[in-house]
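The structure follows.
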Amino acid sequence: RQQLFEYVLQLADTSLILAHRLSEWCGHGPILEQDLAMANISLDLLGEARSYYQYAAELEGRGRTEDDLAYLRNAVEYRNVLLAEQPNGDFAHTIVRQFIYDAFHYHLLLHLQTGPDKQLAAIAEKSVKEAAYHVKWSAEWIIRLGDGTEESRHRVEAAINALWRYSGELTTPSATEQVLQAAGFLPDYAAIQQQIDQHVERVFVEATLPVPQGVFMQKGGKIGRHSEHLGYLLAELQYLQRTYPGLQW
Amino acid sequence: RQQLFEYVLQLADTSLILAHRLSEWCGHGPILEQDLAMANISLDLLGEARSYYQYAAELEGRGRTEDDLAYLRNAVEYRNVLLAEQPNGDFAHTIVRQFIYDAFHYHLLLHLQTGPDKQLAAIAEKSVKEAAYHVKWSAEWIIRLGDGTEESRHRVEAAINALWRYSGELTTPSATEQVLQAAGFLPDYAAIQQQIDQHVERVFVEATLPVPQGVFMQKGGKIGRHSEHLGYLLAELQYLQRTYPGLQW
Amino acid sequence: METLELTQEEQFQARIDEDIRIEPKDWMPEAYRKTLIRQISQHAHSELVGMLPEGNWITRAPSLKRKSILLAKVQDEAGHGLYLYSAAETLGASRDQMLADLHSGKAKYSSIFNYPTLSWADMGTIGWLVDGAAILNQVPLCRTSYGPYARAMVRVCKEESFHQRQGFEIMQTLCEGATEQKAMAQEALNRWWWPTLMMFGPADADSPNTEQSMKWRIKRFTNDELRQKFVDMMVPQAEFLGLTVPDDKLQWNEAKQGYDFGDVDWAEFWDVVKGNGPCSRERLQARVDAWDQGAWVREAALAHAEKRKQRAA
Amino acid sequence: METLELTQEEQFQARIDEDIRIEPKDWMPEAYRKTLIRQISQHAHSELVGMLPEGNWITRAPSLKRKSILLAKVQDEAGHGLYLYSAAETLGASRDQMLADLHSGKAKYSSIFNYPTLSWADMGTIGWLVDGAAILNQVPLCRTSYGPYARAMVRVCKEESFHQRQGFEIMQTLCEGATEQKAMAQEALNRWWWPTLMMFGPADADSPNTEQSMKWRIKRFTNDELRQKFVDMMVPQAEFLGLTVPDDKLQWNEAKQGYDFGDVDWAEFWDVVKGNGPCSRERLQARVDAWDQGAWVREAALAHAEKRKQRAA
């Protein structure tokens, strides 16, 4: 139960932080239609995060609310993957970050929705439909940017170079995830990895982009060892709750 | 006394916010020697801010400390001038912001050090020596950038264009300042303005830059009507105190 | 020829007078087309720029629920922008040209968005007051003479009323909350009240285009009429919230069955219109930056679409 | 010729053996010069890059006093960088070339700065542990054979001990503070302990240059000797603070009058050395960005100085 709590929190934190990053684009996107699309994905992830937080609060059973969990933990207590907290950069960085996550997220949810934990399965079942749309959107942009102009190709390659090193953490199980895998709550990540690889391969071929090989993978987010970006993000996200603790909004 | 408290707080806030902005450069300056110089000025302003906050706390007499005043007021309660909170931009923006402020600050302190309020005069007397160095430093850079390369001239002109509109607020007395002027605590700002104008004129001539004319002046900082930048700055500055109120560090 | 044109114009005015909608393919006077393009694109730009002041608080919203609602609201504004640009396009304007005019400063947008959002209560105040004022301006436009515009406005107004209720709810939560929260609400009202009154435009005496626009049924009430309506509507709501409208001269006038209120600071109004609002430069710069920094993305999308087309051929 | 060179080299070594300082104008073997340039510039780069992890908390320091102390400390590091670049310049290296080598990744800097600072307690831990380790590395360098380097190190070490005390004081305040503060201190120690042990470099068996450097008195203790010294010094301090060193194998060894301790994760060490540390890219990028974005400033300063000179002529 404690392990499940921690895992659900990890899912929640990742969804929230990625939603936060996407929401930073709001009003500043390159095309109004894409502003809308990013806000949409951000809203989906935010909704998913809330479901996870609510479930985590329930699992914990200590009376904390979704907002307590989101607003009153500091950076070293956050469990999101490093990928989620990386800054938006240019549109190419945002797209690459999103596609790496979407490919993982979609295939993970496909498994989770048939998992033994009813509540997690229910959240996954709802979210997988959204994730299917997300990965379609980000894949299309990977293709457009990779097979667009020379500049867009250059930019998307730079983004892949900067962000690929955060992809490995997604399917590298933490101690918590290993326990849950052993208990049959979580699927074998090797299987998911294979599905992701095929998905990525398909999209990258169409984008005329090489799939990166032999990249040194960073990890640490799942055990609270984040990049320095997260602290600033949380200072902003949590400012009001920290300033006026315990009030209703 | 209430008016004096508010005025001292205004001085404190302006020094702190400008020190904060300068400190953001730390480790990222264009030349290591200038990293040192900016840290120096930042430290001077921070020290000055602390003196003002301590005095303000004393004037208020309600047991608040310098840290309470700095860390536990929100954006609409801050009284710094708009100029101080403007983002660093490129080095030219930082220099122009600094020079506009330094010229005012130096001439203001020259007056304050002979003013009727002993404690304010003492702080001013200590700070005016530092401010004399600051205005020398920023004036030299205005000259180097104005009379340097085509690019530096272009950049410093862009910075002047962006920031000059915040210079008027410095010598436009707020209601509080008008009361203090009437009571003889503060000098007539018209006199200071003349001294500043001469100082600026001298530096700009050497920098081969035209002094801006007929610029529409923004104001509002002195009554808490800030730009949207301040909220983010304070979220960062105050994060730890807001998160753990009342602790010793 | 002259006779024929007059007849067209007369026919056109006759349709308007009978409240028959003008559609894109119908003949219309050039001045009508231009006025509409100007008004609709201004309105579209206002939605676009209007995303910024509220967007400023998405990352700092005080609860996950509020964050979600706020993001969805700003997203709706982007959607409104899209409807309205499309409506203007039916008149022969291109979105790129309209945006170019926004970026060059030639086209205007609502001045209200040149004020900064400084506290969370601003999210309540904007929803409650600014959207409230917008609705008063816009509801009559649902019956405006140009079909695509009227239809766009029906959708816009529906969502706007929803936003307005959400804004009011934020204010209500603050006013029923802690002392600091109520103070936050009052402080926000103090900052936004007068700029909101300016949203109805200059006094009728200084509004030369009103007469023609009313004749064309692009406009159905004068600026001062709407301003009065707004004050009469909002003052009781402020009272309900326990907030004080920052106007010494505000007073119920039994004779006119409405409130008398103080003079708007028209000097400030014209300063802001001229581009000297507290955030005028930042707002425009944010849009120009988004556009310029997005150029390579739009080019890539075009280039890729072109490649696809050639491969398909 | 060969005889003469041998004699020079013998004379040189004799001076070293007698602890007579080598000065810039003295003859020195090319390898000695190169080794020194490499070592001093690495050290200078470490000061420069070392500004970043602590600089990360200046804007978020929890009190005005702490903010002031931290900013002054980071400023001191910039100062140390300046002394050291100057010392290296006496050996014929140019600062621009040294920086170019840093930016290209050719020159190294201390790996410890490739770890992120994630909480305020990291400011304490860096001062206490990292500066503590640096001092152990550096105190012997105050007696190093090359004069300008030794003199620079005297100044550096003096300020470093001051910083170390400040770091310890931050830890002490946290450990005597609230539960959350003590937890913060412990969490920081957990993250920094092992990377700090790595600061002394690879185990002696894997450190091929040590012998020559000790012969030249550029180095006076082996890596493992210093690491042992550090552990023996720090463990009692951690106990004093009430913190637990994150090492299961840590144990007092009466026979050697020192602590036995666990194995450093050398795989991690070499990963970080190879540029795969958690912040390696960010640190280097921050320096490259500062340099590139500052190019126009340096050019302007040069151009202006040139104009002045010509006017004076």
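We call the chains A, B, C and D, going by the order they appear; numbering starts again at 1 in every chain.
To be clear about the criterion, a residue touches a chain if its C-beta (ideal position, glycine included) is under 8 Å from a C-beta of that chain, and two chains touch if they have at least 3 such contacts.
Labels paired with UniProt names: C, D = 1,2-phenylacetyl-CoA epoxidase subunit A.
Quick caveat, the model's predicted, so the values are computed rather than measured.
A.B. asks: Please find the path from chain B to chain D through touching chains that uses the fewest steps, and give that number.
C.D. replies: 1
A.B. asks: Can you give the whole-Å distance between the Cα centres of chain A and chain D?
C.D. replies: 37
A.B. asks: In angstrom, rounded to a whole number, how far apart do the mean CA points of chain C and chain D lie?
C.D. replies: Inter-chain centre distance comes to 58 Å.
A.B. asks: So which bits of chain C are touching at least two other chains?
C.D. replies: Residues 60 of chain C touch two or more partner chains.
A.B. asks: Do you know which chain B residues sit against two or more other chains?
C.D. replies: Expected reply: 74, 235-236, 239.
A.B. asks: Once you've mapped the touching chain pairs, tell me: line, ring, star, complete or other?
C.D. replies: other
A.B. asks: Considering every pair of chains, which are in touch?
C.D. replies: Chain pairs that touch: A-B, A-C, A-D, B-C, B-D.
A.B. asks: Okay, in this complex, where on chain B does chain D touch?
C.D. replies: 16, 20, 23-24, 26-36, 39-40, 42-43, 46-47, 49-50, 53, 66-67, 70-71, 90-91, 143-145, 147-149, 151-152, 155, 236-237, 239-241, 244, 247-249
A.B. asks: Note which residues of chain A are touching chain D in the complex, please.
C.D. replies: 74-76, 162, 216, 218, 220, 225-228, 230-231, 235
A.B. asks: Could you list, by residue number, the parts of chain A that touch chain B in their complex?
C.D. replies: So the residues of chain A in touch with chain B come to 74, 232, 235-236, 238-239, 242-243.
A.B. asks: Which residues of chain C touch chain B in the complex?
C.D. replies: Per the touch definition, chain C meets chain B at residues 56, 60, 116-119, 187, 191, 271, 274, 276, 278-279, 281-282.
A.B. asks: Help me check something: in the complex, which residues belonging to chain D touch chain B?
C.D. replies: 48, 51-52, 55, 58-68, 71-72, 74-75, 78-79, 81-82, 85, 120, 170, 173-174, 177-178, 180-181, 286, 289-291, 293-301, 303-304, 307
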